[in-house]
Every structure is written in structure tokens, then in C-alpha cells.
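Same chain, two partners: subunit A is paired with subunit B first, then with subunit C.
So, the complex of A and B:
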């Protein structure tokens, strides 16, 4: 009943009719759509299915059981790992904000010519292979590394210290890797803030700190939240860094998944861990987006009230 | 502007934090390059002497050169496929209206927010079911999947700035659609294409998190090779190989910087 449809919802039916009569659109739409359905949606559905399976070997997908989730959510060890993952993710996100904000802000206010080299420095860790970055840190923090030789030459320590294989080292390396995302997202929102607003605030005798708190931070909030989410997701799902820098002492969900898949070959348990990680990160993303939506609508409501 | 204690503290804090951040961000790469030229037998800092001997060792190693070739080949094919699929998706999003457009856009960007370790396991399992695991094709599919969001986002950002009246003018002058596309649309979108392509190449070239799940003995990418090597050995040849990766990455960034400008990428 295309005619009846058209009278009821002209927009939707119009769109559908357009899709049907537009072979070019199908040609554009189908290849990426099929690719994503086949290699993103279907594998994720398969992963969900495997996480509820009864077996505990690769390809072993049969029956239905909650045993893997029960094991992960009732066992103190796994709960500890989940807690550590969340904690490291949050710490990395918050520290990134504190040190990344001033950098992003100053980049946004710099003249383009001065910005160039600094932007290359910021973008390099994002584009450079993770394994090279982590290897660089091994050379910096290793027993014969740069930090130890600096500390020894200043007689701060007598013999090389073990700086690797602890939580602090993992945190430093995670922050170094993902800080650029924070810097770039702060930079991109601050670029949109008209400097005249800051001058106006200064003319009204607000000091820099007040201007910062009352003008810059509220306007930069979308960028801050986007940066926080991104750094949290990336840090919480890290596994190369905890493995190479943290060793056996720092366990994160990502490294456990990798271990389950490659050496213990318990794919269903690995799938269940993956889903827990996915749900935790998605919940946070959704929470942040909702908070942002509420904030934006409420400020608009306030403006109307005035 | 009034200057009081808080302001001074803020200023000082800022002038300490900023240099510290830039130093920390560049530190690993700088140290790797510096220690790759050591004449000594082990990795230490400061390096002992200066010699290119570890580069000779790296160039002679079939293991590292083979995986460098694999990575380059993979990154190139990934770039081409990702640009093709991404261009189709970006055009559909920018130029057409169709039901479910918002959902389609979210779908194309979603490989960004799914943790890569989760994507890796999901794909590995799926490819195993399709009997495609341990194949170059499987690795390629994974890399196209993770580069696609960057390509779509960069191309869409470029299309927003695109002045479509230029195309209409060309069509008014009776240019056939294929010619309009070739002579007007493509050149105008060239900067977006370059940055999207370079970003896809570099992302694929350096990726370890997905390759480690999908790679296999006959298609070990360079990052996976470095990772496997560092688990058992720790010598300056790694620094030399890593420096090669840094040079390729910086070279690609320089291309974008030269042709498009860093501002557009960030």
C-alpha cells in the first residue's frame, strides 16, 4: 500500500521511494553496508553467542549457559581485574584532562605558524605504532635506561632501580599514548570559543581563574567529555601496554582476554570477558552523552527562563 | 586585567606543564632513534659510540625485512579498499537522504568505540567459522574495518566545506557527469582524500592490537614481529627497526603537512 503510506508519513515513504528509484544510492550504500554487516555486526553477534556457550574451547559453541559470566562476576580474582581495569582507565582519563587541558587550550590560541611543530609532536604518538612507543618506554624506564642513568649521575640512587613492571609505569605509558586525543578534542572546542568572551569577562573585572571557571570550562565541556570518554575507553581496553610494561603484576581485562584467546584457548570465557568490557565502556559512553544532552538542554532552559 | 595570586599560580603551572607534556610525548620516539645508532652490544642509555651496525643487521634480517614488506603491502591495499568503501559511504551520507541514515552513519563510525581487543576476538572467531583465519584476506578485512571510520569522518568533514555550486556550474556548461566528477569533484576533495588515505595507511601500518589476533606465521606484520621479538630478546636491532617505523610514519605525516596542512587533520 504505497499510496496509503505516502499519505500517512510522507517523509519516510518519500525516502523509501527515493531509495527504491535511485540505483546510484544503492550502489553507494550497499558495499559499505554489506561489509559492516558481515564483518562487524555478525562477528559481534557471534561473540555474544559464544559467551553464553557451555564449552570452553575454541569454536566450541553449543548449548546455553551462564557459567562464564558467573565465573567472572563471582570470582574475587576476576572482580579485582575488572576493578583495576576501571581504575586505571579512570585515572588515565582524569590525569589526561588535567595535563592535557592547558596544552589544548594554548594550542587553540597559538598562531598557526607556531602551532605546526607542536601539532606534529601531538599527532605522532597517535599515528606511530603502539609497539614502538611502548618499546621506547622500555628503553627509558629499563634497568640501563635513561631515567636510571640520570638518577645515578645525580647520585639520587646508588644502583639501577626497577622502574618497570608496576602500576605507575603502566599508567604513565597509557597517558602518554592517549593524551593526544584529549589535547586535540580540547583544542577543537576552544578554537570555537570567541576570544572576545574572555576579554569581556576580563573587562568585567573577573580574574583569569574566574574567567576560566565561568566562561571557558562550561563552553569547552563537550570537548572535555569527548576526550574523557575516548581516553577512558582506549585505556580500559589496553592489553599490549599492561603486558609489555606491567608484566605479570598488572592485570587488565584486555590482557586477560588476549591470554584466554592465545594461550589458554578458552574462547567462550574470552568472549564473556569481551562483552563485560564492551558493556562497561558503552555504558560510560552513553552516560556521558546523556549527561551532555541534559546539560545542554538545561542551560537552554535557563536562558529561556531569564 | 587583574593579576592576583591565583592567576600567577595558573600561569606558572601552565608554563611548567606544557614543556613537560611536549617532552613526554616525544620522549619514546626520540630515545628509540638515539639508541638505534649505538656501537655497543646492548640497549642502554646513553648509547655507547656511534655506528650504523644495527641498521646493517636489520637490513640483513629476512625476518624483519619480510614483515616490513608484509606491513607495507597490507597498509597499501587497506588504504585503497578503505578509501573506496569510505568514499561510497561518505557520498551517501553527504548527498542523499534515505531512511536509517543516522543509523548508517553510527554504524560506519562504530569500529572506533568498540575496544580493539573485542573486535579482534570477534573477527578471529568469525573468520575461523568462515575458514578464512590464517589468511591475508582475514587480516585485510580487519584492517579495512578499523580504518573505515577515520576515512568516512575525514571525507565527510571535507565535503561539508565543499561548494556544490561549482558542480552545478559545470553541469550547466553541459559537462557530462563523469567529467564533472573527474574535473571538479575529485580535485576539490583531494585534500580530504590525501589526509584520509594517509591516516588509513599509517593506522594499518602501525596496528598491533588487531594484527596480533589475525596475523599468522606467513603474514607477520612488522609491529607483531617487534612485539614477538621483544618478548625474548632485547637488543639494539629493535631500536633500528623501530626507527624505520618512525621514519615511515613521520614521512607520511610530512606528506599531509606539505599537501594539506596539519590543521585539517587534527
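So, the complex of A and C:
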């Protein structure tokens, strides 16, 4: 048994045993469990039921059929939309990591007093309404917008370019919206890493890159995984951004779910789409988390031992 | 002061404070009643508050609360919570009414209950006694006269080479987009039973389509910031851009005008029927319809007399109502889902 397991197991087992034996702990857990049961499990069970119904209208939730799943999983158009959704979610998560890790790391290494103002700047976009942010981007990326004006003033382009209504525009807006989640996740974990470990690594003649790769990354892995998961899930389920910034050329599953549920009132199909999105994002998140955690946190000795 | 005197004075002062309210309550029919409606938001809510809710409250004591949002989401909320409807009255458009009737969500209203229904123009009640229309929204063609040199006259003009990457469209998820799609279909030889010509026409002009959006305000912004130059749009919204100085023309398409009505519908099981009828009566009055038409330049559904200055900007009023193309909304409601999917496929 690995050392980590040997140290963790008795504590975990003890904790579980305590939870089982202490009625007060169970009582404390009861309100959130009831809340989740009433407002998450029951509505989701209703959605799951609707996704298997035969009809296509809200009042037609009856019978049992796989027609909605078959329609979504056997049709090239819907498969394309699902693929685009997952790819944009992954791209958004990875780019957010590349951009957000240095910011999160540098914030974590600052003194708390200096960190405060910078943290407010990072969090500020989250306080704005998403619709306002998206409409702001429409102005910035428009043909008469700020970015085109800058490019033209530097003679980078001769005439205004269409920067909106494509995948790149959707990706930029998604990253801008969800980057704070990555920065905060990384920062919260890096603040727990003792700087003495980096100094010890330097004393052992490791250069800065090796220290980053062999010390910082493995220790920051919980934050990285949390950030990747959050940004991926938020991006993959986005619907306002692709609808407003992507036009019809960038279609994501979230937009189609919104359209089916609120406009076309085809709740069974919308429910089936929702469950496909839920299952795919869960599977992908679990797979990536497991692969990354194993690959990046195992030491060379453990790899050799395997 | 003696205890008895103190109690007497207290009772007298309490009565003198409370008495006017008691008298008012006896004098006003709906004192203490609040009517919940969905709302289109923005200026629409402002005008309805000013010219429907406030006069009604002054006369009857009825309070009105508007909850802004899309009509589609209001319909979805009502379907989801039939036992405890969030609205007493729902403002919805022609394409939504068959769904509301089919789901048994709204109640009919007769002219005997609302005398102002007699002011409605002939043929505007598309669903018999269901729904009371008060305004007409039409989809026309608009273009930026500063940037588009050759005038646009029909839907087929939107495929012209000079409009490459400059046409903006609403999706069929939006009622305006739905009407545009029907117009594209019928102007290319199709019908409600065969919309294939519409999708073919859209696919053929794909290089001209800069973007499609489900949100009216989104397309409005794109017209205003000159991201798109031309496209089908609501007449009232086009007028509002023009009134702010934007060079946007209103063109009555050669193919005719496709329109929808804004309806008021009492929600089944909401109670407060008398209050709902009073609201509808006020909403059909000249006092309410006049300012709405004057501000938006949407066509009235009543026989209100419009001034020359206003009527010249109204697409459908008086004799010009003949321009309106009839639409079978029950068939549209049945086929809308399939059209939306085909539209998404064609545009992707």
C-alpha cells in the first residue's frame, strides 16, 4: 500500500465511523440533503423522465421512447454541435489555465495587503451582468469597434474586419468570463505551498523551470484541476455568449437547450440534450482529471515502480 | 390625564387616521388587489404603467405589477406551473396563442364583458373569443440609407452582391424571425406546408448573412453600430432607430407585410377575473392605445383616430391594413420547431 493511502485510510475510516455513530452530525447534514433532494434531485428526475417521453410538447410527457436520444446521437448536425460544445469548452479551459496560472501564482506570492486590490480587479468582471459584458464585447469587436480602430491605426489592416460571429470571438468572450475562476482556484492552492520548498529545490541545483515542473505544478494540481473543471463546465454549458457573439455559425448545446425549452417548448428534446451534456461533461471532466492527476503528481520513482 | 380620557382620545385619533382609508376602500372597486402581468420591458412597460396601470389605480384602486421577460419564457412558466400561475394576465403574441389555447392556459373574453372590445377593427380577433389584441407589430425591410446606395424593395433584394456580409436576420425562435422566414418562403414560391424554398433562398444568400440572432435588441444594436446594414425587422424598432437619428429606412416589401398582434389573455385559475377585465378595458381605451402608437408607431387594433404626423409612420393603419398577409398561426405553432431546426442547419 502506498504511504499516502496508509496515512489517509485510518483517518478517513475514523471520520466515516464517527459520522455514522454521531446522530448530531447526521442531523447537521439533513437540511442540505433535503434541500438538494427537493431542488436538484427531484427536478432532475423530472427532466430525465421527460427525456424518455414519446411526445415533443410540454404536455406530452407520457410513454417511453428513446427517440430523442436517437435523434441527437445519430444525426450528424447534432453530433457536430456536441463536438463543437466540448471542443470550445476544452479550449477555453486550457487557454484559461495558460493565462490564469501565472496570474494566480503571482497573486499567491504577494503579501496579503498588496494582493487585496489586485484580487478585486480579478473578481470585478464576475460582478457584472453577463448580458452587459456580452453587449460590451459586441461594441469592442464590431467593425467600427475599438479593436478594429487600433488595428487600422497601426496599419495592420486596410479596412475593418469582421471579428464577431466566429469561434475565435466566442472563445475570447468565454475565456474573459471564466478566467477569474481559474485564477482564484490556482491562487488558493499556491498560497498553501510553502515557499521554502522552492528554495530547497534551488539549493538542490534545480533551475526555475525544473522547480516549476517538479515542485510547483504537482503541488498546485488540486487548484489546476478545480480550475479546469470549473472553466470547462461553465464554458460547455454557456448559452448567452454563443447566441449573441457566435451567431448561427457557432452553435453550442446550451443555446439549443435554451431554444428548445423556452421558445419551441419541446421539453422532452431539451431534456435529452441536457442529459447528454451533463453525462458528457461529467465523463470528460472525470477522465481528464484522473489522467492529469496520475501523470503530473506521480514521482519518477513511482513511475519506475509501476 | 385620566385613563378614560386617554383611551377616548387614542380611539378618536386612530379612527381619524384610519377613516379615509376605510372610506377609500369602500369607494374603490379593486382596493388591495394586485394584478400580475408579464412585460415586454423598457419603454413598453413604462407606457403601460403610465397609461394603463396608473389611471386604473386612480379610478379603481387596482395595482398592476409587470415582470419583464420574453413572451416565450412567460408561456413556459405558465405551462410549468399551472396550479399556481405566476401571472394573472399574459401579454403574448399571435404565434403563442395556439399553444396557450392548446394547453388550456387562457380563458376567453367576450365583448359583453369588456365593452371596449367593440372598438376593435374587423378581423383582428384571430382566435375567436380567446385573446384581446391591442397592437400590431409588422415585419418590414430596413436598410441604412447612408451605406446602401440602391434602395431595397423586396426580400429577394437581400441577396444582392452589394450586401455581402451585411445582412442581419432574426432566428425563428424570435417571432420577427418567424415572420421573416414565412416571408422568405412565400416570396420564393413556398407555403406553410412547404418551407423548403425559404431554406434554399437563405442558403443561396448565406454569404450575405453577417449574423442571425434570436434577440431583437441584439439586432437593433448591430444595426445601430453599422455592423449590419439591412434585413427584415420590426416596424416599431426601425422607427425608434430613425427617431434617434439613425438613417434606417422602413420599406414595405413588395411581397406584402407579415404581422402579428400583441394580445392580452386572462390566465385560467388565476382568479381576479373582474380586475383582469377592467385592465383589458383600460388597455383598449384611446387613453392607452394613443401613446403606445405614438411612441412605437406600431399599428393600433382599435378604431382610434391617428394624427397625420403619426399615421404617416404607421405601416398598418386604416386603409393600409390591406397590406397585411394572413397567417395560419395554428399551423405555424405546429411546424415552428421543425423550421427552427432546419434554419439552424442551414445557417451553421
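One rule holds for everything that comes next: the second predicted complex is superposed on the first by the 247 of 306 C-alpha atoms of A that agree within 3 Å, B and C clash if a C-alpha of one lies under 4 Å from a C-alpha of the other, contacts with A are read in each partner's own complex, and residues count from 1 in each chain.
In this text, a residue touches a chain if its C-beta (ideal position, glycine included) is under 8 Å from a C-beta of that chain, and two chains touch if they have at least 3 such contacts.
The shown structure was predicted, so the numbers you read here are calculated from the model rather than taken from an experiment.
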Joint occupancy of subunit A by subunit B and subunit C, clash or fit: clash
Partner chain(s) touched by A:80 [first = subunit B, second = subunit C, both, neither]: second
Comparing the two partners subunit B and subunit C, which touches a greater set of residues in subunit A: B
Which of subunit B and subunit C A:213 touches, first, second, both or neither: neither
Touching partner for A:261 - first (subunit B), second (subunit C), both, neither: both
Subunit B versus subunit C as contact partner of A:135, first or second or both or neither: both
First (subunit B), second (subunit C), both or neither touched by A:162: second
Partner chain in contact with A:145 - subunit B first, subunit C second, else both or neither: both
Partner chain(s) touched by A:244 [first = subunit B, second = subunit C, both, neither]: both
First (subunit B), second (subunit C), both or neither touched by A:114: neither
First, second, both or neither for A:184, with subunit B first and subunit C second: first
Intersection of the subunit A residues that touch subunit B with those that touch subunit C: 58-59, 135, 138-139, 142, 144-145, 244, 261
Residues on subunit A engaged by subunit B in the complex (per definition of touch): 12, 15-16, 18-19, 22, 25, 27-29, 31-33, 35-36, 39-44, 46-47, 50, 58-59, 99-100, 102-103, 106, 112, 115-116, 118-125, 127-140, 142, 144-146, 149, 176, 179-180, 183-184, 187-188, 202, 205, 207-209, 212, 233, 236-237, 239-240, 244, 254, 257-258, 261, 267, 270-271, 274-275, 277-278, 281-282, 285
Parts of subunit C lying in touch with subunit A, wherever the complex brings them together: 70, 72-73, 75-76, 79-80, 99, 102-103, 165, 171, 173, 210-215, 218, 221-222, 225-227, 336-337, 340, 343-345, 347-348
Sites on subunit B touched by subunit A in the complex: 1-4, 6-7, 10-11, 13-14, 17-18, 20-22, 24-29, 31-32, 35, 42-46, 84-86, 88-89, 91-92, 96-99, 104, 107-108, 110-111, 113-126, 128-129, 141-142, 144-145, 148, 199, 202-203, 205-209, 212-213, 222-224, 226-227, 230, 234, 238-239, 242, 245-246, 249-250, 252-253, 257, 262-263, 265-266
Contact footprint of subunit C on subunit A as seen in their complex: 56, 58-59, 77, 80-81, 135, 138-139, 142-145, 162, 164-165, 243-244, 247-249, 251, 256, 259-266
